[in-house]
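Structures incoming, each one as structure tokens.
Note that subunit A is present in both complexes that follow, paired respectively with subunit B and with subunit C.
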Partner chain A sequence: MRFTISREKLQEGLAAVTASIPAKTTLPVLANILVEATEKGIRLSGTDLDIAVTTEVAADVETTGAITIPAKKLSEIARELPPAPVRIAAVGEQRITLDCGRSHFKILGLPRDEFPAFPNVKFNESWRIRSGDLIKLISHTSFAVSTEESRPILNGVLWELRPEMMRMVATNGHRLAKMEMPIKSTGAPASDMIVPPKALEQIRRLFPEDEELEIAKGENHLGFRSPFTAVFTRLIEGPYPPYEQVIPKDNNRVAIADRTALTSALRRMTIIASDQTHRIRMSFNAGMLKFSVQTPDLGEANDELAVRYTGDPLDIGFNANYLLEVLRYIPTDEVRLTFKAPERAATLEPEGWADPASYLCLVMPLRLLD
Partner chain B sequence: MSVASPPRIAVLPSAVADQIAAGEVVERPSSVVKELIENALDAGASSVDVAIEDGGRQTIRVSDDGCGMSPDDAVLALERHATSKIRSAADLVGVRSFGFRGEALAAMCSVSHLELETAPDDGAGTLVRAAGGAILDVSPIARRRGTTVRISRLFYNAPARLKFLRGSRSEWRAIVEVIGSMALTRRDVRVSVTNDGKPMLSLPASATLRERLAAIYGGAFAGRLLDVDDVIGTTHVAGLVERPSDVGTATRRAFLSVNGRAVRDTGIVRAAEAAYRSTIPAGVRPTIFLDVTVAADAVDVNVHPAKAEVRFRDRWPLERAIENAVARALGTFDAGATLGRSHWTFVPPSPPPQALAPVDVEALHPDGPDLEGLFEISNNDTLEPPPSPAAPASAPPPAPTTDVPPLTQLHRTYMLFEHEQGVVLIDQHSAHERVLYERFMGTLERGEAPAQRLLFPMTLHLGPAESEAFERDRELFERLGFEIDGFGGHTLIVRAVPMPHPRFDPERCVRETLAALTGDRDAGVHARHERLAATVACKAAIKGGDLLSPGEMRALYIALRDTKLPAHDVHGRATIVQLTWDEIDRRFGRR
Partner chain C sequence: MNARRILLADADAFFVAVARMVDPEGAGKEPLLIVGGTRESRGVVCSASYEARKFGVRSAMPIARALRLCPNAMCVPVPRRACGEKSHAIRAALDRFAPVVEGASIDEWYLDLGGTEELYREPLAATAARIRERVVAETGLSVSIGGGTSKLVAKLAVERAKPKPGTGATGVHVVPAGEEEEFLRTIQLADIPLIGPRFQERLAALGMRSVPDVLQYDVPTLTQWLGEREAAWLYDRVRGIDASEVERGGDAKSISRDETFHADINDDDELARELLSLVTRAAADLRGDALTARTITVRIRDFDFKTRQAGRTLDAPVISDRIILDVARGLLAKLRAGRRVPARLIGVGLSSLAVDATADQLTFFERKDALVESDRDRLLARTVDQVRAKFGDKGILPARLID
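And then the complex of A and B:
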């Protein structure tokens, strides 16, 4: 294996891949990057066995071949190199030399055979989706996944692909975010997949908004591909909880509030709310929303906000952090909140959103004590 | 059948009366030793030598360097109710000397051969010889200032008593007990003891209880004890108590002095032991050495001839004060288990005790001396941010006003930090368990539990025993923040759960708690609260093996510091282990 590559191209390729390299691993080869020289250029790949990222960059290949090299060291070297073409050559199965200007490195690696094979995902039957649409769904939902390890299903984002639309749902059992948008029919069959948020984060990071992605499902893996870069991820198996059933249909108390003002008021309240539960009380009355919080050993606080409210007066408790989090993602200036009763789910939606997509968040209340 | 004429009533001759009275004061050699040492101490001795032969059955000799007596006083001292210590009944209130009844010498004299040598100053002294209560002769002698009393052939004329004396070893042990307790009470007095001519104990005058204990039981033992020093109201409680992690590993010893007088009082001991609740397994008892000082008129010592018991005017506040003081000592991070000997210099030296002084409330520190705990305990709680256990990464970092040392996680199980005295390890599960336990106990008592409604209610299928356990504690579960519906049979629907920390797994917690409570039939409400809180805390706490972020470790450290008993988890295991520099240095051969 022998090739010459510009310093910038090498840095670009490494930046795409190194984020998929695990910081700590029991399998030494996972700390390495797989470098393959082909006729088209070079291909860099990294994986932590859950997610794999591979990208192609242009290079002048003299002889083809492959080897794995410690990812951290290679990136650090690439960062410090002088602006000159970089010549990389394999010496035997597990060593390379790297020359750039007057700099010379010899780096020990591991044979290519030790690198795990990539998941078998066939792209012949695939969905084609604009990456911008995908990224929009990801950034509005993946924040809501559970980080608690006891229910692995909730650690993933549910992605429902239908001929006419796609939808993503994430929840930790206390609050839920759901976004859907129409898509052009692609011919591939409908599918439900539970995707680890880490993989979705890679999608958001690696693909520019206007790229058309090919997406295909293997046995229990999912692959995303653009002309140069591909991401593969393991899917989380199992049935997703029946989220449709818990989304309230008959919430008959509705408040419309200014998102920024509501956020500010909530942030003020959280200062006094318990660090442990972040519990606050919200009292809705015609035209007025009153906040109050009392924390033993700390103190209390009250606030008021003018809102458009219809329905009987309501007192309800929430974890203020859950509300604040959801409000961050509401794309409009005004937010529409709906309620049924103090122990029933509340919903938050953008108000007056002229967008083909629709967005709904749901927050379960906290018990209030009188 | 002949009826004997009823015996006539007659006033007993004084010799017989004295012998009967003697039985109350002098029951065995150890009580003679006790009385004689007390006399020596009341005479202002700074040095007391005791010589015993044959367990005191042969001879008991106690010499002191106290004030001595004039020839006339020496003779009078052997009379019943002769004393220099009180003058009128009014003096009995607030009496501060050990003796005052004027009975001891007369009683001893009536059942033994007694030799009393005494001199008020070096030079001319008096020797009084007596036997069976009668003075045989009085002669002038030359001797040093002080008094020596020699009792031989104890109970020679009281065969009933003599028969009940135990073997010499057993009597010797009883004497050692008495001397030990006196030595702990009056630590400023030099004490030496010989048995059959062999020196057995030689205690130099000591400034502190710890030094005295080290002289009696060894430095390692004394070094491991924790300082108690607290003033509550007019009660000052000071002393040393065992670390909970050491309880049960050595002979249990209990010593108690009230206003400088060694006493037995089960109430006070029980109060001190109550402070250990939830830190040591049931059934073992801690070693305690406590000096309790109360206002002199709050205690009546004239209850018992041997004065081993006292009566308090107001017992409840006293016991509560003692429990609080001990709990406070156990509540420091210092109270954790130590490897190797802990530093002595660590303990601030206290002035020699003025055992007989009345309580001067003004002079007592309201907070006790600064214990220099691992955490500088500040009484100014308002400056501290409230404890936040395992704060989520999104939470703002705790205010930098608290000094939290850099923490490292080891083996995903322990948090390690460095401290002036050594290296400290905290068991993350035990620590979190303690934090949650105290929080749940508070919750159970106030019923103020936040309950997060669940989007997807959990369904639990239970066995019959578990459902029974749930039914019994249902109300308590609800107070903790669970909302649970029975669903017929043994199925439960959990609709809301508490959120003690972000890693909390409610399903597993409920399931494991119910499994642990199965068959548990604790009746008392408080006991049930404690049991449930401890079980839920154990099941809800982060486990060994959980990777903690620096923020989480910080939050746990702060929360643990703010608990009442940080050094112990709810099963009586240690939460904190200290590895002293001493120990580390030794292992590296640096000393």
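And then the complex of A and C:
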């Protein structure tokens, strides 16, 4: 294997792949990047066994071949190189030389056979989706996944693909985010997948918004690819809990509030709320929302906000952080909140959103103690 | 670097003092007092008054034996709730003086006063004396305070501080930095924490009983006799060297409740009832401290004093009686299946404790898994706590526990 590549192209390729390299691993080869020189250029790949990223960059290939090289060291070298073409050559199975200007490196690697094979995903029956649409769903839902290990299914985002629409849902059991949007019919069969958010983060990072992605499902893996870059991820095995059942259908108390003003008031309340529970009380009355918080050993706080409210008065408790998190993703100036009762799910939605997508968040209340 | 400033505050005859506060007319007036159980109980001494100790009564001694030594003593059960409350009160007072307070047990706290030199501008012993006064003023209980540059020295010093009759001690004993070795020279090896009876015997066989006995040997010599790890450990200890930190929090690492029966029990049904009673108490205490538990342990002591235990760690933290009882029942059945003989004692322990942050947070999906707590379980537990807060500990009980 022997090729010459521009310093910028090398840095670009490494930037795409190194994020998939695990920081700590018991399998030494996973700390390495697989470098393959083919007739078309070079291909760089990395994996932590859950997620794999591979990308092609242009290079002048003299002789084809492959080797794995420590990712961290190669990236550090690429960052510090002078602005000149970089010449990389394999010396045997486990060593490379790297020359750039007057700099010369010899680096030990590991044979390519030790690098794990990529998941078997066939792209002949695939969905085609604009990257920007996918990223929109990801960035409005994946924040809501659970980080607790006790229930692995909630550690993933549910992605429902249908012929005419797609939907993502994420929840930690206390708050939930759901977004759906129409898509062009793709011909591929409908599918429900539970995707680790780490993989979705790679999608968001790697693919420009206007790129069309091919997406295909293997046995229990999912692959995303554009002409030069591909991401593969393990899927979390289902079934996902029946989220439709928890979406309230009969919430008959409705408040419309200014999102920024509501956020500010909540942030003020969290200062005095308990560090553990973040418990606040909200009292809705015609035209007015009152906030109050009392924390033993700390103190209390009250606030008020004019809102448009219809329905019987309501006192309800929340973890203020859950509300704040959701409000951050509401895309409109006003937010619509609906309620049924103090111990039933509340909904938050954008108010007056002219968009083909629809967005709904749920937050379960905290029981009020009194 | 400045020398470390560590104190150990140890409540004086804590259980005895609290028992006297709870019952000023009875226990409060009886010099010979044993706390741990009634005269008929087969429990062990939890604590005894200084007067009773003169008769040879010691903690962990069966009450029957204590009464043979000191037949006129009054025996009272441990006032658990009051002890918990008083322990919290003492800690709250200590928290105001020291940036880091570690609860070592219900009646012992390590304080790290590092960084307070400029704040207090007085010798450590003077601060200790002020802390002592404040604790008495706020809680009515007295603490003794030992101090030094390590937890080890503080622990050894507190024994010198205790105002036992006839010792002339003032309740505070601080070993100044640099004088650790001199102080240690006055200590018997048996007084050093973690040098238990077996280790003491081994050391005595090598001619070492007091700290000066050890000080004369270098590490290689000690290593030859004791092995590398223990030699290095002992070499440091006898010089007052102990790098362990005072760790914040360190409140209860576990909550356990056990019961020594009046007569050994072999009937599964009767054991199940005892288990229910222990779980009811332990779970209420867990919630009282606003904690959750993930690990549940059941301990059984057979008639021949053989002690066995089994534990299980759950996926998610719990607070409710139902789940703790479900798990505890399974563990007891396992222990009984292993050896079905009359039992002298059973105990229930809750550990892997954490602050209960999501106790009142409602959830979307109730899990069908029997070992996962539901909103209903938590609401039930909270409601029971509220009833007890109003009507007392026996205000509401599982029907099986009503006599």
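Here is the rule we use: the second predicted complex is superposed on the first by the 370 of 370 C-alpha atoms of A that agree within 3 Å, B and C clash if a C-alpha of one lies under 4 Å from a C-alpha of the other, contacts with A are read in each partner's own complex, and residues count from 1 in each chain.
Keep this in mind: contacts are C-beta pairs under 8 Å (C-beta built on N, C-alpha and C of every residue); 3 or more make two chains touch, one makes a residue touch a chain.
This is a predicted model, so every value here is computed, not measured.
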| message | Quick one: is A:D113 in contact with subunit B, with subunit C, with both, or with neither? Answer first, second, both or neither. | response | neither
| message | For A:N321 in the superposed arrangement: first (subunit B), second (subunit C), both or neither? | response | first
| query | Once the shared chain is lined up, is A:E244 touching subunit B (first), subunit C (second), both, or neither of them? | reply | neither
| request: Kindly classify A:P296 by the partners it touches after superposition: subunit B alone (first), subunit C alone (second), both, or neither? | output: first
| said: A:T147 in the overlay: touching subunit B, subunit C, both, or neither? Say first, second, both or neither. | reply: first
| task | Give the label of whichever partner, subunit B or subunit C, reaches more residues of subunit A. | result | B
| query | Regarding the shared-chain residue A:E39, is it in contact with subunit B (first), subunit C (second), both, or neither? | reply | neither
| Contact residues of subunit A, present in both the subunit B and the subunit C interface | 148-150, 171, 173-174, 176, 241-243, 246, 276-277, 279, 317, 319, 343, 345, 362, 364-367, 369
| request: Spell out the residues on subunit C that touch subunit A in their complex, using ranges where they run on. | output: 315-316, 355-365, 367, 379, 382
| message | Considering only the defined contacts, which subunit A positions touch subunit C in the complex? | response | 148-151, 171, 173-174, 176, 241-243, 246, 276-277, 279, 317, 319, 343, 345, 362, 364-369
| field | Residue numbers on subunit A that touch subunit B, as the complex places them | value | 147-150, 171, 173-176, 241-243, 246, 274-277, 279, 295-298, 317, 319, 321, 325, 343-345, 362, 364-367, 369
| request: Give every residue of subunit B touching subunit A within the complex, in rising order. | output: 385-389, 391-392, 394-395, 439, 446-456, 481, 483, 496, 499-505, 507-508
